[in-house]
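Naming follows writing order (A, B and C), and every chain is counted from residue 1.
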Amino acid sequence: MKPAAANSPTSAAMTTTKQPPPEKPEAVRLRTKIVLSFWAVILLLGFPTWWQTTSIYRADLPLQDMLNWAEGLNTPTSIPLHIWVSAPNLPCPDAQRIVRETQQALDDLNEYPTLHQRLYLVNWWSTGKDNKEEKGTPSTSCGENPSSPDLGDPALRVLLEPAKDGFAFELDPVIAKAVVYIPRTDANNVSKRLAENLHELFKEEQVAAALQTVALASHTQNAQAFLRSQPYDVVTRIEKQINRAYKSSSEFHLTFSLFTAGGVPSSWDVQDALSKHIQPLVQALSNTSEFDITTQIQLYSSYSPAIQPVTKEGMEGAFLQQKDLTAFVNAAEWPLAPSIGDGPTINFILYVPVQDEIPLKIDGVEGTSWLIPQWGGIQITNPPLQPDPMTGGMSLPAHLAGELLRQPFETFSSQLLSLLGVPQANQSGKLLPLQLRLDAYKRFSTLTLYLKAASSLGSLARLAQRLSNIPIQKHVAELVDDAIGNLTAAEHAFLESRWDAALIHSRIAYRDSEKAFFDKSMVGQVYFPDEHKVAVYLPLLGPIGVPLLVGLLREIKRLVVRKRGITP
Amino acid sequence: MAISLDRQTVSIYAGAALLRLLVFVAFPDLSDFLGSQVEISTPISSFKRLQEGLFLYQHGLSPYDGGVYHQAPLLLVIFEILPSALVFVALDILNAVSLHTIANNLDIPSRRFRKLDGTLIAAAYLFNPFTILSCLGKSTSIFTNTAIIQAVFNAQSGNPLRAMFSLAIGTYLSMYPGLLLPPTLLMILKNKDQPASLASLVMSYIGALAALLSTTIILTDGFWDFLSSCYGAQLTVTDLTPNVGLWWYFFIEIFDSFRDFFIGVFWLHLVGYVGGLTFRLQSQPLFVITSLLGLFAIFKPYPSIADVSLYLGFLPMYSHILPLTRYTFIAASVLLYSTLLGPAFYHLWIYAGSGNANFFYAITLVWSLGLTILVGDTLFAVLRDEWEIERPEMKGKSVRQI
Amino acid sequence: MRPSQFLWTLLSLVTVTCAAHTSNWAVLVSTSRFWFNYRHLANTLSLYRTVKRLGIPDSQILLLLPDDMACNPRNAFSGTVYSNADRRMDLYGENVEVDYRGYEVTVENFIRLLTDRWEEGVPASKRLQTDEGSNILIYMTGHGGSEFLKFQDSEEISSWDLADAFSQMREKKRYNEMLFMIDTCQANTLYRQFYTPGIIATGSSEEDESSYSHHADNDVGVAVIDRWTYYVLEFLETQVTGPTSDKTLGDLFDSYDVGKIHSNPGVRWDLFPGGEQAGRSRRVVDFFGNVQNVELQGNKSGVELLKDDLEGLKRLVRDYESFAAAQENNNTEMLDVLQRRTEPTNGKNTPPLTKQNPVGRVNTSETSQWTRRIGGATVLSGLAALWYFAPKLV
């Protein structure tokens, strides 16, 4: 702003004599006006601009609220698991007594409040759909109406039946239903045994939930105490199961890839194999997550060059070292992890080696498939050689027919379940009914997403508190509000044991909290020390600030002098 | 606009028009070449970008899609109907005629002042190489220039409403003419021929501006697209294509967190001059406008030589202060030097690859320095002239500034 | 007390409080461009070769190289990069996956990479998708000064930036343990501001001390490797021979020889849980190698079991389908439920109606063209009329 510097002095008296003539009053007034006009621009426009542009925008976050969520202060103290009991063929008082006593026994067995089983006498048998052909005899309408709003989603339906001989607890092989035969004689023992059975059924799920709580929440004395009361090997097994699985997500991409080391086989009956082995699973899991399936074939794709299979005397084919299996995937050349959408990609690779190496096996193991935790499954297949009509020799088939794919895809489907974290065979090597396991997976997912969302909020709050110069945009605050709203809704759903609703809300809460934490706008301000700021402002303060300040000081001095000149 | 049409005048105008038309017709490539020079067309005045906008507009799309076009939609309408070469030549002639009339009617209260010959002023404008180049390069700055000249012309000739309307057009086209409002008002109010009240003038300015902005709604769908693309681009300097100004290099280099702040500082710097100059040179509002135009040509976000041609169009009216200036030789040679070296260094940087951005930026700094010297020197000379009116006995003596 | 319970109490601290180490990631950064900084890229590529040799897959190595020395016109051995004058080992070779190259190597991208704050659509190969079980090796080399490291001559990253980025990673449980290595002048100042637990940091030189290059290759024409990196690599190549090596970080850091390195390397332990003692006992391959966690499926029992499941699944799917059909029948009821469900979130969740620009719909019909022209002409003539009548309005 040179004129300020140049004009005001020029307008002052200029003279060749030593004593400048007195300034005219108009000139003085004019100079005052000019100085003031510059200062008006500085004060009225400059300072607001400076304030507006150099302050970092930080939207108000409900920090305390977020921290409370992360610390679990808002988490429900107990998450019940509803079990519906129906006893159409028992007298109502008996049924009520059994339910009451079993509940008591359960409470004694198990003090951990998360996924604690709660029995309800519900009249689901008589009103149950399509049961007429099963010849249900709706004799007593004992218990609540299944559509009653107080009831949540049942984790298990139990049918109590009178029995001649001893107590029996029979699970349906597929769906979440159990039939319990109650002997008329030994009434006391019945409740206890029923409770034990139920407890056993959900114990591992509770362990998994407790492990996840310990890993993700901050106030976990309860969960830790519960875990300590459980046998060590069960806990480690379940922990391993959790670690193997992908992190819960609302969307998964399944990529099935056929990599062949040579030019053949160049096609496979993948649609057929998928619809037989994978689709049913995906459909059953579809209420927990969405699944996208993609398939690809790449010819002439060799495994990573670091791997050298060995040949053995007297045995045909080649052998992979077990230690090489981690490095088998040729990440540089195989088009994996195509980053479609938000969710993670689970890879399933079917590898056909070159003809010279067939059969390619793994040294010291029988199978040819392996699983890489949190990544996917790999299967080497050695298709039978066929006579080649062109050369007369033996060669690989050009097409992998459905029969050749059956075994690999069976492996893939079991790998898929374990990669997702669907509970596996329990201690005794027994599998629970599929429906129960899928439901357990759903509940585990819900809880995980819920805990993760809460913990993300806490992370964001602590971040916002610690890094004072990180900008926080308005939409981040909106996402946080959203996440908190959904967490609250999920919490209510938990209390009512409405797992579908809880899943939906936890999923949104998780998505929003992650989006908020990983918002790309929160990288802007890198560390900028104060001495650098001075360097930035110095050019302003020097050539512009000084003349303006001097002008202002002169004006003030003149005013002071004039006042003094008048007063005495 | 009464101009005596003697032979000299006619030949000047006809010669200038012929020269331009001849180049447009005979060397159409030259026009394209000039249109792509950064000294002539900036992101907000480039004719190429206008053609892009025009294409979108003619195909029923928003001209602001794609983020290339940053000019007012009114220009699209004009160029859709009229042939571009004629428009540019006609506007140059119109500007010259207006300057001619302004000069003829100008009377400066100074003893050095002699009655001006408008023909010479018009010739100086029409044959100024910067004017010719920016006309041939089809820089749309010429519309803004015309609006400013018309504002001055009407303010001087006692047509206050038209002056306000012209200024509103200028503001609508490229925003910065709005800063000329105070000196233009001063000019109108000093003109005793036609009494007008300050409030009504400001109101008519605002009304005209509102009317112009509202035409956008008729012409294109996206009013907010227009605002953000046309004015937002100038306010926030999003396009850092090199130009002869000082902003682009600075905002390439500045730390991101201070970008907004310095955009504010640069704009305030531009605004800051208006008040001071208007107060100081109350008696000569035209010179306030002239000096401001010079300053804008230096400190605007996207200046080009078209802005300098406007400044140099007005400056000859103050030829009487030439004896009082001290650095005209330096200013002239610095401008000449940078005019010649600028394109050369740009070529070295962009095409030959043997120089870097600093080469071109250094030359734009020199260019700005030359203009600053010119503006400062003439300001000093006018102040000295005023002072001599006040104290006639000091004429011709050297003075010392206290 | 049952034995299993006893065991549990013993191990509870280890297993629960620090999550298991499940994967390994490496971020290898060179921050300087231009031919005379050949050695910085060679440093980084040498580390890349080493971590690959020790088993970290390419998908978990993020390699940031600001320049391409292999294809530099001044490279007499084009297509290759060597870190030793004997030129035995071509570091560039056939199988190198550079994730960020050239001008992508910026401070902002590096911080984004660490904190994983990206815009949508950044491919997975460019992201550090770590979790609470990941051990991360970060190696940086370039030109630095007291508490800063230059990036490509135009930017710098400071110790504070790194510290804040790491704290954000910790906050979001993005690593289990981290080894931070830096080879630059005054390297030890770079980790001075760190404050997040779980990090072991080591650098090549103290404050006000330069780091030196090891030797030059006269045929390549420039220095090919830095001293500190050279001796670290020497240890890794000769002592850590495979992914199963038992050498510890203590051994590695003890191998520093000031006489050879010509500067004083530093190590920072205090952030690591358990301090120096615990840190020293960490194996080198805990950071430079990959955790061996492949699960072989030799026995087919799981598959056999699943076969029964598949039968069950088909039944389940039938159930679902009939349920879906039933749902369609009482659609209205479902709608109610859905509405109730979404109501609490609806307040804020409604996506803002974004204006859809009719991009792509090219409209050239005669009539609209004429209406537009007439509109334009009207506006122009209106303005002209305003211009003409303006003086008469007063």
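The rule is simple: a residue touches a chain if its C-beta (ideal position, glycine included) is under 8 Å from a C-beta of that chain, and two chains touch if they have at least 3 such contacts.
For clarity, every value in this text was computed on a predicted model and none was experimentally measured.
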Centroid check, CA-based, most central chain -> C
Ranking chain pairs by contacts puts first A-C
Between subunit A and subunit B, the Cα-mean centres are separated in Å by 59
Between subunit A and subunit C, the Cα-mean centres are separated in Å by 19
Distance between the CA centroids of subunit B and subunit C (whole Å) is 51
Listed in rising order, subunit B residues that touch 2 or more other chains are none
Multi-partner residues in subunit A (2 or more other chains touched) are none
Check: subunit C positions touching at least 2 other chains come out as none
Given the complex, residues on subunit A that touch subunit C span 173-175, 211, 214-215, 224, 227-233, 235-236, 239, 243-244, 247, 277, 280-281, 283-284, 304-306, 322-323, 325-327, 329, 331-332, 336-339, 345, 362, 365-367, 369-374, 407, 410-411, 413-415, 417-418, 424-425, 429, 431, 433-435, 455-456, 459, 462-463, 466-467, 478, 481-482, 485-486, 488-489, 501, 504-505, 508, 517-520, 522-523, 526-527, 529
In their shared complex, subunit B is touched by residues of subunit C numbered 357-359, 361-364, 368-369, 372-373, 375-380, 382-383, 386-387, 390-391, 393-394
Given the complex, residues on subunit B that touch subunit A span 255-258, 260-261, 263-265, 268-269, 271-273, 275-277, 279-280, 282, 372, 376, 379-380, 383, 387, 394, 397-402
In the complex, the residues of subunit A that touch subunit B are 1-4, 6-7, 9-16, 20, 30, 33-34, 37-38, 40-42, 45-46, 49-50, 52-54, 524-525, 528, 536, 540, 544
In the complex, subunit B touches subunit C at residues 57-62, 65, 74, 76-78, 80-81, 159-162, 165, 196, 208, 211-212, 215, 218-219, 222
